[in-house]
Every structure is written in C-alpha cells, then in structure tokens.
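Some notes on the structure that comes next.
Order as written gives the chain letters A, B, C and D; numbering starts at 1 within each chain.
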Amino acid sequence: MITGYLFYMLAFLLILFSLGVLMHSSPLFSSLNLVGSMIVLSAMYYLLQVPFIAAVQLIVYAGAVMVLFVMVMMMFDLKHEIKIFSGGFISNAIKCGLAGFFAFTIGATAFMSTEMISGSAKVKTEVLSVKSMAQLLFKDYLIEFEVLGVILLLVAVGAVALSRIKGGTHAS
Amino acid sequence: MGSDLVEVLINSVKLVLIFLLMVQLVPILVWVERRGSAFIQNRYGPNRVGPFGLMQLLADAVKFVFKEEFVPGKGHKLIFYAAPVVALIPGALAFAAIPLANTFHLEPFMFLGESWGPYDINFQGYNVGIGIVFILGVSSLGAYALLLAGWGSANKYSLYGALRAVAQMISYELALGLSIVGAILVYNTFDFHSIIAQQAGALSFTISGRELGIPFLPNWGIFYQPLGAFLFLVAAFAETNRLPFDLPEAESELIAGFHTEYGGMKMLMFYLGEYGHMLVASALLVTFYFGGYQLPFVSHVMIEDMLKSFGLGINMANVLTAFLFFTVFMIKCLIFLWIYVWVRWTLPRFRYDQLMDLGWKTMLPWALANTIVTAVVVFLARI
Amino acid sequence: MEELVPIIALGVFVALFGTAIVVVTSLIGPKPKQNDVKDEAYECGIPGQFSGHSKVPVKYYLTAILFILFDIEIIFMYPWAVTFGDSITEGYGLQFLAAMGVFIFIFIFGLFWEVKSKALEWE
Amino acid sequence: MQVNDMLAVGLNHYLFLSAIIFSIGILTVLLRKNLIVILMGIELMLNAVNLSFIAFSHFSNNANGPVIVFFVMTLAAAEAGVGLALMVTIFKRFKVVDISIFEKLKN
C-alpha cells in the first residue's frame, strides 16, 4: 500500500528531474537535475529492497560522478545556452518521434509479457543480503571482477594522460 | 513508520528530537570552543554575559537573526539561498541512522483510555540495516553545499575555497572509507546494533580455536583496530574541514573560503552542517571503536534488573536504562568533540600540497596496509 | 521498505526547517539600500579585477577523477569484508583472500603509478 | 477498488518508468548541443537500464541483477571519468564544448 504511494511519488520526481536534464538551458542546472534524479533512483532501489545498491548509487553516482560533473560545469563557467538543441525543427521532430516510438515499444512489450513474468509469483519479500550478493560477486563473477580492477587502472592512466595535453583552462 | 498511532507518534517525535539534538549542540560547542581556546591559551574568553559567558550565545543568535539580508550582485539567487539549506541535510540524515541508546521494550500500557503496545523502541531515527554504508553515502552528498555556495556567490575566493574544500573532502573520503574496512572485517557486519553488541563484555578473542582474554579491558574495537581508529579520526578531521586541515578557510589566502559572502543565519547554517558532520564522525568513532552506547562490563539487562529491584515498574526501568545509555553515548561523543577543539588550538595549519600528500601518499597506503594485515590476521585466526 | 518513509520525512523536515530560517531572517533583517560597490564581490576592499567565475586549474578535476576510480575500488571491498568471516568458516576463505589480494595488488599498482607519474603533485 | 489496483505496483510499472527515463536519455543525447549534457544523457540511459535490472531481480527473486548493476555503475563511472577528461581536453583546444567542433574535424 505505502509502497505504491512511494513508487508514484518517486516516479513523478524521477521523470521531473530527467526532463529537467533534457530541457534546462543552463548545463549547470542540467547537472543539478541529474543529481536529483540519482538521489531519487537511490531511494527507488531502497524501495526495491536492495539497500546496498542504493547506498552504492549514492556513493558512486551522487557522491562522486556527479560531483565531478558539477565541478567541471563550474570550472568551464558555461553560460545559459541560447540555442540548446542541435539540428532543425524537422529533424528534431523525427528524433522525438523515434524516441516516443521506442518508449512505446518497450512499454507495449512489458505490458504484453506482464502475465508471463508475474505468473511466476516469486516476488522477493525479504531484503537482499549483501552476503548473498558477495557470494556471486567473488565466486561466479570472479573474472569480471578482476578485469574491472584492470579497467579502472587503465582509466586512471588514460585520465592522467589526457590531462597532460598542453594548455589549461586558465590560459584563455 | 509504525503500525498504530502511538508508534507513529513516537517515531516522529524521535526524528524531530534527534534533529534538534544536533541543532542545539552547536551553541554548546561554540561555547566550548571559545572557552576551551581561552583555557588552552591561558586567557578568560567570553565571561561577561551570564554565568561563564553562557548567555553570549543567545546574544549572538539574536544578532544573527537581525543581520542584513544580502545577495552579491552577480550571484545566482536561487543557488545562493539553496546552499545553506543543502548543507544541513546530510549531517541530519546521517546522524539519525546511528543508534543512540539500546533498544528497549515497552510492556502494554494504558493511554487515553485504550491499551497500546507492546513496543520495542530504538533510540534511533531509522534502522537502515546497512548502517555504515548508508552513512558514507549520505555524507558524500555534503560536497554539493560547498560547491553551490562557492558558485552561487560569484566570488572567485568563494569558488576557490569551495573547490579546495571539495578536493580535500574527496581525497580524505578515500582514507575514511578504507580505514573502516578493517573494522568491518573484524565485525563481519554493517549493522550498528550488531557491531555494538559484539563489543560487550571484557576483551576476548579466539585464535585457532583457543580462547584468549584480558579481563580488565573492555571488548572495544580500538583494541582490534588501533591504526584504523587513528586513521579514521584524522580523516574525519579533514572531512569536516577543521584545523589543522581548514585550508578552505585559510584567511590569508582565501578570506573565509566558500562562505565569504554569507552572513547572519545563513552562515550559521553552514556551521550547523559542519558541527553536524563533526557529531556524526564522533558518533561513528564511538560506535565502531569505543563500544557505542554501552558502559564497559555492564549490560543493559543488569541495570534494568537493578532498577526493578528498587521497586520501579518494568516500563519505567527500561526507559531509565535507555536514558542512562544515551547519556553514556553523548558523554563519549563529547569527549571526541573536545578532542576536535583541543587539536584545533594545538596544531598549526598544513600547507595545501602537504595536505594532499598526507591524504593520498600517507593515509591511503596506511589504510590499505591496515586492511591487508587485518584480513590476513582474521584469516589466520579463524582457519 | 518501510524505513524509506522516515528517511524522506526527516529530509523534507530539515529542508523545510532550513528554508523557514532563510525566509524568516530575510524578512526580519534590515534592508538598507543596495549600491553598485556593495554588490561587487568581496575582495578586501580592492576593486575587483576579474569576473567572479574565473577559470580554475585542471588539477582539481584530475583529483576528482582519480577519487572516483579509487572510491569504486574501495566500495568493492565492503561486500568482501562483510562476507570474509563467513567464507572462512564455510571453507573457501583462501579463495576470497586470493580474489581480493589480486584486486588490491592492482589497486596498489595504480596508486604507485599515480605517485610515480606525479599526477598527485600539487605545487 | 481502482485506487487499490493502481497502488499494487508490479514489474511493468517499473519497466514503463525505465522506458520513459531511457527515452528521455536518448532525447538528451540526440537533441542537445552541449557535449557534457550529452554525456549526462548517457548516464541517464545507463541508470534507466540499471532500474530495470533491479526491478527484474526483485520480481523474479534473483540476486544476479544487483551484481550486474554494480558492474554497470562501475563502468559508467569510469566512462564518465574518461569522457570528462576528453571534454576538458576539447575545451582547452576549441574553447567550446559543443558538437559543432566535429564540423571542424572535416578539414
């Protein structure tokens, strides 16, 4: 019962914030809207009984990635954009139509297959324990986990190398 | 939030009380800071208004309320006003997730002509089950208040102060997060109640099946994780931007850092956020390494039984015990808050490159070493 | 998940509390006339030289990127640390230790490389 | 009765929501000019997918979903890191972060 109310509230907020990302003319406000949608998504994960993933969403997305985005926005000092959308009216209309069609397709598919999924009636009632997740992570997905460590190392090297390119934001 | 009216009421009052607890701590801490610095520097400090200068804070509060309203001309109004409000939220949300006293049981009682209960009441805003990870997640949102304040003021000193503060916060967040991993390895849980329960009694541990114990020491985490506790304390100092790590507010370089353009109540709200963070850090330190709300060697059942033997009712005895434990918890927290003040007036400020070097090249490797050694020792002890 | 309700309630309450303080003090406080000099950014009384939103060194964002990467590696240690004790009693502790050992080795290698490449130097 | 039916939130509610968020992400990528906002659109799409993963795992009682989400989050963070490093480099070179820079690449 209360889950239903919470879901609709969070869904409304999520759509609102996402539209804010799309529509706001200032990139800084777009990024702040994205921060909002990340926090709402974290609440939604909590609602779906994966509190650990919810906390990770807060730490990684809201607390780290979005801080970086907001910081870069403030560093660039981007003004409000007069023309925020690329392309002309017709091409944009086509793009909107395609995205709408895509959303409709996914929605219709979900609606058609809903009996197939809900028929299994295996809805989780208890909270997903971190331990069962860790079992999967460090046994079944062990290779992926180690590869991820290597990828993070490569990204660090790449970021440092990119920042070495001459110039500087204060040179302008 | 609760199944019936009384429980919902109790829980709501609890939330508000915990938040007010955080808010009212600020004037006390400001007083402690002024008098404490005076004590350390061998002078009097504020002593004119009221006994021991206690009323000085009231005078300050009145002054804050009647300050002039000011927004810098080029500043962004919405962001400028939003920043202090945002600064309040992470500290409050994090503090409400920490248990302040033991869970106590209320037998059914009569209220408004109806019978209510029984209840089991946590002295805690909410029990999220993943405790420490939730707190790390929520307090990582603290960076936004600084960024918003720095950008909204349209002042380059504010912006630089904010960027410095954020760079410092995120650098020390690594050491903070990593220093706790050792403690989690020892306790095997994220949940605060379980962590505190494991610290009951006298110090005892099992090595390869043999029980070893030191009867005169409490079973606190500090004896398992001394290095982790120290790293946590230092990282918490840097997280809260306190001296010796208060580079964002270095007066000689940056005026007052990210809140240069703020005054009056809005400035006070940044202080609320900062002291809230300090309180959360102290509470975490107490919970992880100093036995939480427990008195050493004494369990809450013993005190409840003792109170009952004095002829108190069950409910009364349980509530009184919970309040006793709450007092113990607050005293432990206040000791660490005093350490914050003490360190502030003892150590000089770091230089910025020294600060970053300390975070990345000293504390992070030491925290990593702590984790590895703990893992190996746990493995060898339990195998 | 019932616990979401008090979390949201507290968040909203604190936000309202803060907003109320900001609004009330802005109503109570005196409002002297603003002038151009007062509206300028505070720079110790010297006339401002540059616009408020000046450019900042790239160093800060590099620190933020490196923070993200190390932060993720640390977060992977949390589920591991919670499960490690159980894994020993269930008999595959060595496997867990080895899995995290390799990961931490990569972590240390990355940290060492960063220190070596002077990406963490502040002048 | 109808209100109660509405409040019984099932898998398809979450899937609809995920589809909507994904479409908004696609539109952000397709329509916006600013490169960093485009990057944010990609983050939005990834998050929509994460939401559907978690929803599927919740409604079929399967612990694999959260693990995959964990991996996706990690990769998204890494992608954002490299993406923003590229943006800063582009900003240094062209003084704008706009998709118009790709027109300059022709010559």
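The definition used in the following text is that contacts are C-beta pairs under 8 Å (C-beta built on N, C-alpha and C of every residue); 3 or more make two chains touch, one makes a residue touch a chain.
Quantities reported herein were computed from a predicted structural model and do not represent experimental measurements.
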Following contacts chain by chain, what is the lowest number of steps it takes to reach chain C starting at chain B?
1
Give the label of the chain whose average Cα location is farthest from that of chain B.
D
Does A-C or C-D have the larger number of C-beta pairs in contact?
A-C
Per-chain Cα centre nearest the global Cα centre, belonging to chain:
C
As a quick test, compute the distance in whole Å between the mean CA positions of chain A and chain C.
18
Using CA atom averages as chain centres, what separation in Å is found between chain C and chain D?
21
What whole-number Å value describes the gap between the mean CA coordinates of chain A and chain D?
5
Inter-chain centre distance, chain A versus chain B - centres from mean C-alpha coordinates, in Å:
30
For chain D, give me the residues that contact two or more of the other chains.
73-74, 77-78, 80-81, 84-85, 88
Junction residues of chain B, two or more chains touched
128-129, 133, 151, 159, 163, 166, 170, 173, 190
Expected list for chain A, residues touching two or more other chains, is 3, 49, 51-52, 56-57, 59-60, 63-65, 67-68, 71-72, 74-75, 127, 130, 133, 137, 148, 152, 155, 159, 163, 168-169, 172
Chains touch in the following pairs A-B, A-C, A-D, B-C, C-D
Residues of chain A that touch chain D when the two form their complex:
1, 3-5, 7, 11, 14-15, 18-19, 21-22, 27, 30-31, 34, 37-38, 41, 44-45, 48-50, 52-53, 56-57, 60-61, 64-65, 68-69, 72-73, 75-76, 78, 81, 83-87, 92, 95-96, 99-100, 102-103, 106-107, 110-111, 114, 117-118, 120, 122-124, 128, 132-133, 136-137, 141, 144, 148, 151-152, 155, 158-159, 162-163, 165, 167-169, 171-172
Inside the complex, what are the residues of chain C that reach chain D?
58, 61-62, 65, 68-69, 72, 76
In the complex of these two chains, what residues of chain A are touching chain C?
2-3, 6, 43, 46-47, 49, 51-52, 56, 59-60, 63-65, 67-68, 71-72, 74-75, 77, 127, 130-131, 133-135, 137-139, 142, 145-146, 148-150, 152-153, 155-157, 159-160, 163, 168-170, 172
Which residues of chain A touch chain B once you look at their complex with the stated criterion?
28, 35, 39, 42, 51-52, 54-59, 62-64, 67, 70-71, 74-75, 127, 130
Help me check something: in the complex, which residues belonging to chain C touch chain A?
1-5, 7-8, 53-58, 60-62, 64-69, 71-73, 75-76, 78-80, 82-83, 86, 92, 95-96, 99-100, 102-103, 106-107, 109-110, 113-114, 117, 119
